[in-house]
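One structure is given here, and the rest of the page talks about it.
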Amino acid sequence: MSPVSVRQLTKTYGQGELAVAAVRHVDLDIAAGEVVLIMGPSGSGKTTLLLMLGAMLRPTSGSITVDGVDLAAAAERDLPPLRARHFGFIFQDFNLLSALDVVENVEVACNLAGVTGRAANERATALLTRLGLGARLRFRPDQISGGEKQRVAVARALANDPPVILADEPTANLDSAHGHEIARLLRQIATEDGRSVVIVSHDQRLKEIADRVLWLEDGEFRQLAAMATDPVCGMAVETGDGPHQELDGRTFWFCSTHCRDEFRAMPGRFTRGGENAHSITGG
Amino acid sequence: MSGRVPLARRNLLADRRRLGAGVVGVGLAVMLILLLDGMWAGLQGQATVYSQRSGADLYVLQPGVRDLTAGAGTLPPRTLDTVRSDPDVAWATPVRTAYVILQLHARKVAAYLVGSVPGERGGPWSMAAGRAPAADDEVTIDTVLGDRHGIGIGDRLEVMGRSLRVVGLSHSSGFMLSYAFVTHAALDQLTASPDKTSFVLVGTADPGAVAGRLSAQGLNVLGRDQVSANNLTFATGIFGSPLRLMVGIGLAAGTMIIALTAYTAIVERRREYGIVKAMGATRRRMVGLALAQTVTLAALGLVAGGVLFVAGRALINATRPQFAVVLTAGAAGRAVTAALVMALVAAVIPARRLAALEPAAAFRSAS
Amino acid sequence: MSRRVPLARRALFQDRRRAALAAGGVAAALLLVLMLQGIFDGAMGQVTAYLRSSPADVIVSQRDVRTMHMSVSALAPETVAGVQQVDGVAWAEGIRYTTTFLVAADGRQQLSYVIGYDPATGRGGPRRLSSGRVPGRGEIIVEEIAARRLGVRAGDSIGLLGGSYRISGLFRGGTTITNSVAFIGTEDFAARAGNSLAYVLVGAKSGVGSGELARRVADALPADTVQSKERFAAEEASLVKDMSADVMRIMSTIGLLIALAVIGLTLFSLTLAKLREHAVVKALGGRTRYLAAVVLAQAAWSVVLAVALAAVLAVAMAAAVGRVNPAIAVVITPASVLRTGVAALLIGAVGAVVPLRRVVAVDPASAFRRAS
């Protein structure tokens, strides 16, 4: 049985005629050691899905089973310990606690999972050292770089030894080098520790480390035959009816006519070493 | 500074709750200072009320005594005759005083017993009800005492083992002390010492000359205003130090509250202030920002303090009227000065924080 | 040792300046209460100084007169003899008592209770002199602080009751902000202020308790008031307490309200500033209970720190005041610190209510919202 199993997950806001379905009847299975990347346009329901997965938002209907526990059916007051036991979170804005130093930031997560005292400290130190932060243990968040902050966040996410890691735009506030670093780390966590890693992101670079890439649009996963990358703005776009342009026997797909017009104006600028058609299998 | 966007004030006023708590805190400190000021003024009034209202122009006191706070003692023999024999003396009457502790409702109440000769001056000067005592088993108490302990005309009051009948209520409260009037003879009996008195009241059209003549005969004579001034010195000597202490503490508390509120307001918007700096604001401007906040807080606190003072004074008047809190013109001026001083001192720490801000803070992402 | 990361404390002290200002503000408010209480406790100590050092076990006074301060007492001259008859009485001595001014040569004055006693037995006087000797005829012993205020020393003369007396010695204890105590011989007193007996001091035979003796003497003297020394001292103390009760209540209320405003302000600002971080902690699996405990811990720490600071400042201020004006004895007792501390803790709890509600309402999902 896969550690994460989602069936017919639905989240609807509002009632009757004004009802808006943020997530519709989503099915998903994630295996241990697997990295799943969920992408999609803004407002597609990615964050809503993540929140429900992380037991922070109640689904309207459907089930979420993590390690055999149905989160949707759990009582409100049982959710915090469930989160502490099963999930590690990585946020776009790092969200480190500014009053604590690096090691304490990770220790706190241990405390929440029931590990205290020296055991927590040792675990935190070990995790941070593994991530190359051994020299930064006593630093405060405002004294370390963005890349280091996100690594602390990763360490914190691992502090409670969770089977599932949920990451929301983990590379959005990082530069290229650090973004790659985090991507690599996430892959490592999945492969070496056998954890399930679910990433919600716009970042194309993460596709390289993902086992599966899912496209969420209007609350549903799309079974896409093919995806391409808009060479002008870098966004992932569908192939099919959207704006496109033939050039030298290749087809380029665009997110909008605006990008297509830009491409037409100066094609040489965008075809040098850029990515083009790329196949992705739908979930 | 005209024409500039009042950044500091806007930021301060943006967070209502924090502003409210800060203003209330400062207001309470200001109220404290005003109340203490008011009590001081009340004290000064009450310390001289007897000497000013007794009707006497001169006082003949015990040897070595300067005011009316000493108890009964011995005046030189035939003092009264000597005084009355002076051609310019219109009248003279002896008054005997004593502090007593009345045990009322399991509480000790300090009272100032004044024994005067019935029909002559020295007794209550303003009656609310009833009359001054005429017989040796009668007593007139002040209205504060009567109200507080539910004693009315016709009731009996235990004084030093004797039961006296209340025949009148007078407007005559002292500071933290209640007046009770009896006959001179009553006090003689209560203390079993008939040959003593405290001072002699003298009425005359020519106090200067009379005082000179009586002094030449060896009597200790002081004018009314002099006695009042001495009584005042005595009272203020007692309460002056503790009062100044309390005012000082109140000022310190108020200053810190202003500083804290301004500081918190600044720190929480340090990115914005960093932007202002990045846009080229000078150090002086930043200090000006801090001052603007503290002055605004002090001003609001002053208003709040004024309102709280009026309410507090009413409450005290209603429940504990023996604490006379008087509203004086000088008090408002003093309060404004206090607020200004607090604002200036309180600006120091927030100003330093602002000065230390790096403009780069504007560009840093969240932690 | 199951140590958890002290999140409450860390957040509270993260900004040193803010923590200092908050602690200072609350401490100043509590200082108000402590200092005032200290003034009254000090006064109580001075007011009862004479009694506490007296060898008497029982004191007889005029009917309904229970104190020496702010009282006049007159007893029949045969009272002493009457007391001596009572079984269990080892000795009985009368003292004379009046209120007057001590006047120094340069005109300085000190309001003082003056006690006429028998220097030969010394029972009616201070237990111990700090310098000099007991007064002979024409002599007086004066309290140290009073002497300092008058600018006089042993050997100088001061005036009182119409006469001049030479200071033969000094003793310590008994001067309050309102008055002092001085002692002269019985004959000198009688010559100037009449021989009226004011109080009778009674010593008990060994084996007889003061309470028991008081009962016996009271039976023998039904027309007078008889109290054990302990009872008498308690009455003196309660005089100060009752007279100061109203002032204390007013000032304490104001002080505690100020403290409430500051604590509420601090906790609320802190909670608001950390709201996002609280959401993060909830997301990580922290229960609401845990976060509520953090807020309450911050309230408790704020209060504890403020009380400690106030106590230290109070003690320092008391010493300073004592130096500047020795007549104001400020005594900061552990009991009053404790009382103030408990009141402050209650204030802290009240101040935590609104922040608690905010924290309880935090939605962990808000940790995912983009920071501004």
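Every chain is named by a letter (A, B and C) in the order it is written, and numbering of its residues begins at 1.
As a convention for this text, contacts are C-beta pairs under 8 Å (C-beta built on N, C-alpha and C of every residue); 3 or more make two chains touch, one makes a residue touch a chain.
The structure displayed is predicted, hence computed values, not measured ones.
Novice: With chain centres set to the mean of the C-alpha atoms, which chain is at the far end from subunit A?
Specialist: B
Novice: Please list the single chain whose C-alpha centre lies closest to the global protein C-alpha centre.
Specialist: Minimum centroid-to-centroid distance belongs to C.
Novice: Using the average of all C-alpha atoms in each chain as its centre, how far is it in Å between subunit A and subunit C?
Specialist: The separation of the two C-alpha centroids amounts to 67 Å.
Novice: Can you work out the whole-Å distance between the CA centroids of subunit A and subunit B?
Specialist: 70
Novice: For subunit B and subunit C, what's the span in angstrom between their mean Cα positions?
Specialist: The answer is 22 Å.
Novice: Send over the residues of subunit A in touch with two or more other chains.
Specialist: Touching at least two other chains: 93, 98.
Novice: Pull out every residue in subunit B that's touching 2 or more other chains.
Specialist: 365-366
Novice: In subunit C, which residues are in touch with two or more of the other chains?
Specialist: 371
Novice: Which stretch or stretches of subunit C touch subunit A in the complex?
Specialist: Its residues touching subunit A are 1-5, 7, 10-11, 13-14, 274, 276-277, 280-288, 290, 363-365, 367-368, 370-371.
Novice: Name, in rising order, each residue of subunit C that touches subunit B in their complex.
Specialist: Contact set of subunit C toward subunit B: 15, 17-18, 21-22, 24-25, 28-29, 31-32, 35-36, 39, 62-67, 70-72, 74-76, 98-101, 103, 109, 111, 159-162, 177-178, 192-194, 196, 235, 238-239, 242-243, 246-247, 250-251, 254, 257-258, 261-262, 264-266, 268-269, 272-273, 317, 321, 324-325, 328, 354, 371.
Novice: Under the definition above, what is the set of subunit A residues touching subunit C in their complex?
Specialist: Contacts found on subunit A: 47, 50-51, 54, 56-57, 77, 80-85, 87, 89, 91-93, 95, 97-100, 104, 107-109, 111-113, 116-118, 120, 156, 160, 168.
Novice: In the complex formed with subunit C, which residues of subunit B make contact?
Specialist: Contacts found on subunit B: 17-18, 21-22, 24-25, 28-29, 31-32, 35, 62-66, 69-74, 76, 98-101, 103, 107-110, 158-161, 176, 190-193, 195-196, 234, 238, 241-242, 245-246, 249-250, 252-253, 256-257, 259-261, 263-264, 267-268, 312, 316, 320, 322-323, 349, 353, 365-366.
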